[in-house]
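The two complexes that follow have chain A in common; it is paired with chain B in the first and with chain C in the second.
Now for the complex of A and B:
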């Protein structure tokens, strides 16, 4: 191999490095550095009066893991995120498939409409849900007005309300992820299956769905991570009854001023999400193989 | 029935400013001092607290000290303000902070605030002894407030008159009660414990047991944006609240929002005024603290916003005083709560609410 040929990959690597350098610097400044600060904070100590003292102690982690409530909130977070993401997938899949297939001249407009909720503040959307699902909301008014129920049915300020609100907030992300992944879906394969006599439901189950698995994997992963870190929806729709890792971190940091506890729980959540994502990726890789 | 016009419409701005200026300049506890100058940053609550504090305290102070410019910055919750002070420890950007005693106590213990002496701030000598004692050698109490029950006077018959009324069957599903770690929830624990014949210092068992019976009536344990708004929007009928804001909202809604200081007892919420250690303009900050604690400022703010004064010599109009916890009758109803001691059991109370009250059906 000539020197010139060796030089080119090296130059290519250097160019690549130069191109990603601004992003790396930015990430280091706004993500890595604060994360290091967070890591350091978790080892400080909080006295019985709430005063924080600089230390290199595992006391905060010890009390975190000794408290059975941590396990409970972990399970609440993982399960609620899983259910909300699944619901978002079930609701978003037909929409995304329609948007992928439609030949309408309004296709772009319809796509924008499908992801339009992202343009509205999460707080506003949650208050919309409260107006719909509250004890004096539209649905309860309809239920009681039609004589189906005598008392308001509790649809918010509980896990049901949070799951529904979270699924709705995840839908635009799910639709975008599915649309991005539907590129591998070849209409010719479905037509071939139909020509060979497969009814539409079998075509969907045996051809369409398997071909869109990579899109589902991508969408599920993205939305699950978003759900695990969601704060506004559980806070406003939970009514103080829904205890998740994100709401606990907020309470420690903003209500109790207990920064070491907030930092330790935030690190724990980060590690947990990384482990779950790694397990998910390993499982899907094995399934694909 | 003739409705009572809001207090804000009864006092014209010009009359109010003239009166407060005259009071400011006549106060013996501070003197106009041209040698104090520069800018100071005051961090405190946002919203109606900010609007009224600027009108009744900050603006008269600036007229008395024309060389000082006060920048009011809204700091969020008390814990967020403590966070700001912690973050700026090496280079403080705030000269004065007004926030809850449960967080200022943490700041005092962490060495974030400087001591204030009666020699530099003579108004300290005029405070109620407990208002001085609450901050130790650091910032003293600047306002007293207390937990009240607020209710929808228009749609609740018979009206709410006492704490025990919360257990009325017609209120099922219509309550907004802030749970711990919110300090309203902590105060409520002490109040219900006393109502049930207990003493929160010994054991909160009686209160927890009574609150568990209340669980089916509670629609939300985390009213957002707050209990007053949920009542005015018709979402709930009764909520917990703070007296000062509740009184002001009551005036602004022509009395639709009813306010009850429970005869079973209530708990003081205390705001302290502190100077961060290393504040850039300490001389002007001390002058402001002295003014904020003076009779004139305490009278003006109480009459405007119904926070009880901490200055024992403040000559507050009886009509305004009766709507605070400072009147003799109301003061007698207060349950003594040491917030420093509550901080030690806060997590334990919080856990009991979660496991025994919030999880109850």
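Now for the complex of A and C:
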């Protein structure tokens, strides 16, 4: 018995190593190594023929920042992500508050229904938006059928369509974040305000909304980051007319086969998102203090 | 003040449900259209697009590749992720916290960046547009997912039961096989379900590392939708939605959906 106990630590350590080694090797090979390669790639150069030349220079970054198109796509991405996230918040808030408060016996079914779109492929949902917003889509059919418009209204393959589709794809995440945060919402505070004579809108503005600010802050941050890196929705609903950082990264990598430019733009986007998140965190901290 | 949500909030929530579910609802509706393109209202209803679906070679090839891929990815992710999660949860390795942070790091990165990095790493090895390459690419997402889920699962298991089995003379392997593993079945079912679904639906990473030789179903669907919008993709979507519901029901029987979603 004492002999077995003495050999246990070494054997235990070896077992632990054997258990963890496959995951370490795998993620080293398919995560760490590729990410290091991506970082390295951004410092290569692209020759005048478009062929990649191994180098250790900032030429790719220089041409990236000298191109006014970079600033334009940056602004497009940030603004579109902001509006889509705001829209998702405005839509998800009443639904989450409803789910938090309802006494219905279908409550858990309704909650599953609210996040169920997450389980449906993004391509399917984008196709649904095309069917709704397209020139021959449901909304245009209704508009023209009722005589409100004579020509189809362009609702998709532009920034409007992408914003709407993106907002819908963010909503399940926003609902989950809000529901998690609504736990601290104390019904007694709202009831006290109402008893003291506050009309419902005032209870909402002065009690409910301030109490749910932390949930809003968290949901907004999560969805904004998701929106900044969304690719499928802008690609398919934008139809080549919406220029965002995500679509540019993909085009550089696949269509132009300019890997250094794709890598540099990807690193730039990662740093941009990090900076925006840090600025947002600093702002909310100051607002709370 | 009344209990519950009240009529105004209920009405607002109903409106939001319409926005949220409209794209999926309209897809289901269109799938049964008899027209050759998307028209409202359809001139008639039929199952012709479902019949067309089986004859569409590219989509069917994508479907069989995606199913096979998701199966391989699920088995591989469980085989690699579960032991690692066990070692971390039971602190059988030094610096378990740092290891966990490393393993979960890929989940913090956008799939767009992961896909780009994988393209650059796999292309020189001639692994793009191969089953191996796609499986490796998907496991960047699924292995961290399994590890996160299973660390929580193992950490919440009561270790008294394991200690009791061990003190009664069971070897560590026997304790794991006969006590820990059966207790972890809900977590394992959830891991398998989510790995399969993540791999099957993964689009962005696949777009980077697919090619004419091997394209997954979502990649073929993106290509199809880019080219035209007819009810064929809608019919395919209905098949996928029904299949997902079926799998959810099976998982519900095994593990209880509430526990799967709740974790």
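Some notes on this structure:
Everything that follows uses one rule, which is that the second predicted complex is superposed on the first by the 256 of 289 C-alpha atoms of A that agree within 3 Å, B and C clash if a C-alpha of one lies under 4 Å from a C-alpha of the other, contacts with A are read in each partner's own complex, and residues count from 1 in each chain.
Everything that follows uses one rule, which is that a residue touches a chain if its C-beta (ideal position, glycine included) is under 8 Å from a C-beta of that chain, and two chains touch if they have at least 3 such contacts.
For clarity, every value in this text was computed on a predicted model and none was experimentally measured.
Superposition of the two structures on chain A leads chain B and chain C into a clash. In the superposition on chain A, A:49 makes contact with chain B only, not with chain C.
Once the two complexes are laid over each other on the shared chain, residue contacts for A:41 go to chain C alone; chain B is not touched. By the document's definition of touching, of the two partners only chain C reaches A:112; chain B does not. After overlaying the two complexes on the shared chain, residue contacts for A:232 are found with chain C alone; chain B is out of touch. Contacts of A:254 after superposition on the shared chain: both chain B and chain C are touched. Legend: residue contacts after superposition of the two complexes on their common chain; A:186 is shown touching neither chain B nor chain C. Of the two partner chains placed by the overlay, only chain C lies in contact with A:270; chain B stays clear of it.
With both complexes superposed, C is the one of chain B and chain C in contact with more chain A residues.
When the shared chain is aligned, chain B and chain C each come close enough to touch A:134.
After superposition on chain A, the stretch of chain B whose C-alpha atoms clash with chain C is 219-227, while the remaining options among 111-119, 201-209 or 219-227 stay clear.
Residues 134, 136, 235-236, 253-254, 259 of chain A contact both chain B in one complex and chain C in the other. Residue ranges of chain A in contact with chain C, taken from their complex: 12-13, 15-20, 22-24, 26-27, 29-31, 33-35, 37-38, 41, 91-92, 94-95, 97-99, 101-104, 108, 112-115, 117, 119-132, 134, 136-138, 141-142, 165, 168, 171-172, 190-191, 194-195, 200, 228-229, 231-232, 235-236, 246, 249-250, 253-254, 259, 262-263, 266, 269-270.
Taken together, the chain A residues at the contact with chain B in this complex read 47-53, 69, 134-136, 151-152, 154, 157, 235-236, 238-241, 243, 251, 253-257, 259.
Contact residues of chain B toward chain A in the complex are 76-80, 82-83, 86, 102-103, 105-106, 109-110, 173, 178-179, 181-182, 219-222, 224, 234-235, 340, 343-344, 346, 351, 354, 358. Per the touch definition, chain C reaches chain A in the complex via residues 1, 3-6, 8-10, 12-13, 16-17, 19-27, 30, 37-41, 79-81, 83-84, 86-88, 92-94, 99, 102-103, 105-106, 109-114, 116-122, 136-137, 139-140, 143-144, 147, 172, 197, 201, 203-204, 207-208, 218, 221-222, 225-226, 229, 233-234, 237, 240-241, 244, 248, 257-258, 261.
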